[in-house]
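Two complexes come next, and they have one chain in common, chain A, joined by chain B in the first and chain C in the second.
Then we have the complex of A and B:
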């Protein structure tokens, strides 16, 4: 049996509590507060203690989906990416880059937000990029 | 936050306005408790009675949307008694005269008439805040989600500067961030007008720098905010929307209006952990990896950038958001060949000289670093504006009180406000699938004062119909005597009783474009 603790940050609010994910044989089995972390000093709230539950939810999306005639069908990544890229490129060609909006995420990492706004500005060519800071 | 969590424990006074801290930021609330135990004074101003109100030295329930009047009233009392920090105002700030001129008219009696807070309580708040330095001011969306959101924030800053509380340990103006990386998303340029580190897209030097780094000429005209994208979708100007890790169908104001806008799109792409309300109506859905399934960094409310580390493999064929974006960019003839999140971080920090340049994954370690961190020797910054303000001198703004966009009237006689409950997070996509959290609060409800409940002849658990000029919904009643009569509270987490059926998408702050989620006029009646 392989058991490990992986240091991370709780993603349930803007406080940023230090946590340890408990992993046994590749399965995420719990969330613990990091005893020495400067933010939470060994404590967590009820959401933090249960952070692993949503990750292990049966309802997680496991495959890309494309909707045809009102119904989703599972597709592989190559198909989903190619389909989306083609449709975006057609819309940009016909209506210009400012006909596309990108909503980045206050729940994604810094790296992902950096990349998402780079995608909007450099790949699509629009500054129509925002996120839910206001909501 | 201008200051840090540790700082709160050194405050002489903590003033919480528009933040239900114990429910929404429990581990920050813990610092308030610790400060209180040590002898700090606590002032709580909130339209509702909240948990923190019980332990406050001064607790008031001001009328929804009357924050500017309340804060001006406090400042009026402070100036009248000569409690302002005269030396600080002279040496570190400007435009104080303009503020003083406005404050004259905000006598406690007049402010009582606007806010419903007794004149004596306003005087006590002012004295407690001004006479127990350093004083830390904490706020959250209760201050910002108003048509006067920017005015509210500026008024908080006015108060803090008036008493010399900005740029000192234990003081500050401290917005508590709602989402885990809302600070980081802003820092990273997830906004229509700026690149990373708030470098304006319209600034020729910044634009040239990023254009060169990214190998393409970049647009220099600021884009649309989320609030402006909705009318652009309705007008057919925006044809495609790529939504990464958000659920705007539930989180945006005026559900019916927003749905019309979504229906008008030619292409909606959603990237999420779950088939959220937004993903359900998308044309393409990308399955994203969770926080435990990838590497990267988050930046918290106290500007602390800290690492998350991959603990397990992603479920099914889910991929980290950065991998999905890279693949999509590559397919659109802009190759992105990042091998790791760390490579992206290195690219980002090289382009973000003032705040993130000194951070490396190695330096971040377990505890992270607080920006600004301009070079790799810099220890990070626990509080801002210590020697001088970022703009040089701190500027006072003379601000007059304005009513919210919608006040109760004969047709819609109740005030409605919205917010979170302790067990849930935003639109509930993550917390409602969590067994233990769902158990705490499985359904939506509306809080109503028992006196109002008696008037409309409903009791605990009875269904009522709430209606506004935008829409109507049915929801169960929860009696709450801590809510003033004439006011209602609706949690935002529950799709089946979505608060945003009732809110307005037109009531926006003119500058920040933030919707006035915290004040709507509604009618409530017993469901037939």
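Then we have the complex of A and C:
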């Protein structure tokens, strides 16, 4: 029998509430607010309280999917990245770099968001970068 | 304290001990087991307080035969009494290690996160319900004013269900707060005051006044005051004192037979006239 609490940060928005994942016998069964966290001080919103549900959800995506002829088919990461790169290159060649926009997310880390804007500016060559937390 | 826990685990008195461990400066709850006895040296008692009795109840749902030890404050002990009454735990299945509780003039050494309630701001003092005052002071206000003040508090609710999720007494499999006929969904604030009153009614004979719900409320609604009123009514109407002992069954408080002439109830009604 094992019961432990793993500290983490809520991935739902840019606030960054401290949470504890309740793990029993290696299975995630609950989410709690972290009492001593400076951001949320032991409080959470309804999304944070239910973080564990999407981790255990059967609907959770675990592989990349490519839509061909209106249907999703499961592919591996290499194929998905190759496919996306090819399509992006074709679009940029045909319509110019400003035809592409990059939307990043508060659910990603600071570093990932930095890399995403760098990818937009340095690789694609556009300033069309936006973020869901810039409300 | 650490030695007691080690002895309990090695001798098999308990299978798991729920306490707190310091992780990167944060006291977080942890289940200590006999496989990692070294961890027990890192055990701390405070200052943050989590619902350890709720974790114990959840563990017992997965491992019904387990023997669990927990760090217990006064509120934990009251919670265990009520959980025993409601047959969520069997007596003797949970062994407690008593530690210091909330601050009081009688005890200088305290380990609890529920120190003093946050100071009430001027707007809350003028329009809301000040949770730091006594129930008697609040009840001296005219009824209409009290209702308006409670409604001001309730309309702040963001329906996070934190009060229910954190509550050690909320063990029901089906929750009335998720019943669409009682509480509609898809709008904020939720149906007030029905949302809070449904919960308050269900806290009758259950709320052990631990204050975890109020600590978890992002809208700072003085929930503890609301449930104190419910428990106060349980005391005056039925002479039922929640959590005071593990044998006071809520099913027999009205007596063996149904009756229309309940002595304490009539006394209270005639007093109000």
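The criterion applied here is as follows: the second predicted complex is superposed on the first by the 112 of 135 C-alpha atoms of A that agree within 3 Å, B and C clash if a C-alpha of one lies under 4 Å from a C-alpha of the other, contacts with A are read in each partner's own complex, and residues count from 1 in each chain.
Throughout what follows, a residue touches a chain if its C-beta (ideal position, glycine included) is under 8 Å from a C-beta of that chain, and two chains touch if they have at least 3 such contacts.
Model, not experiment: these values are computed from the prediction.
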Partner chain(s) touched by A:10 [first = chain B, second = chain C, both, neither]: first
Contacts of A:65 with chain B and chain C, given as first, second, both or neither: first
Which of chain B and chain C A:80 touches, first, second, both or neither: first
Chain B versus chain C as contact partner of A:108, first or second or both or neither: first
Which of chain B and chain C A:44 touches, first, second, both or neither: both
Partner touching more residues of chain A, whether chain B or chain C: B
Partner chain(s) touched by A:89 [first = chain B, second = chain C, both, neither]: first
Contacts of A:35 with chain B and chain C, given as first, second, both or neither: second
Doubly contacted residues of chain A, that is, touched by chain B and again by chain C: 4, 7, 18, 34, 36-37, 43-46, 48-49
Touch list for chain A against partner chain B, complex: 4, 6-18, 21, 23, 26-28, 34, 36-40, 43-55, 57, 59-67, 72, 76-77, 80-85, 87-89, 91, 95, 97-135
Touch list for chain A against partner chain C, complex: 1-5, 7, 18, 20, 22, 24-25, 29-30, 32-37, 42-46, 48-49
Of all residues in chain C, those that touch chain A in their complex: 15-16, 18, 23-31, 33, 47-50, 55, 58-59, 62-63, 66, 113, 158-162, 165-166, 215-218
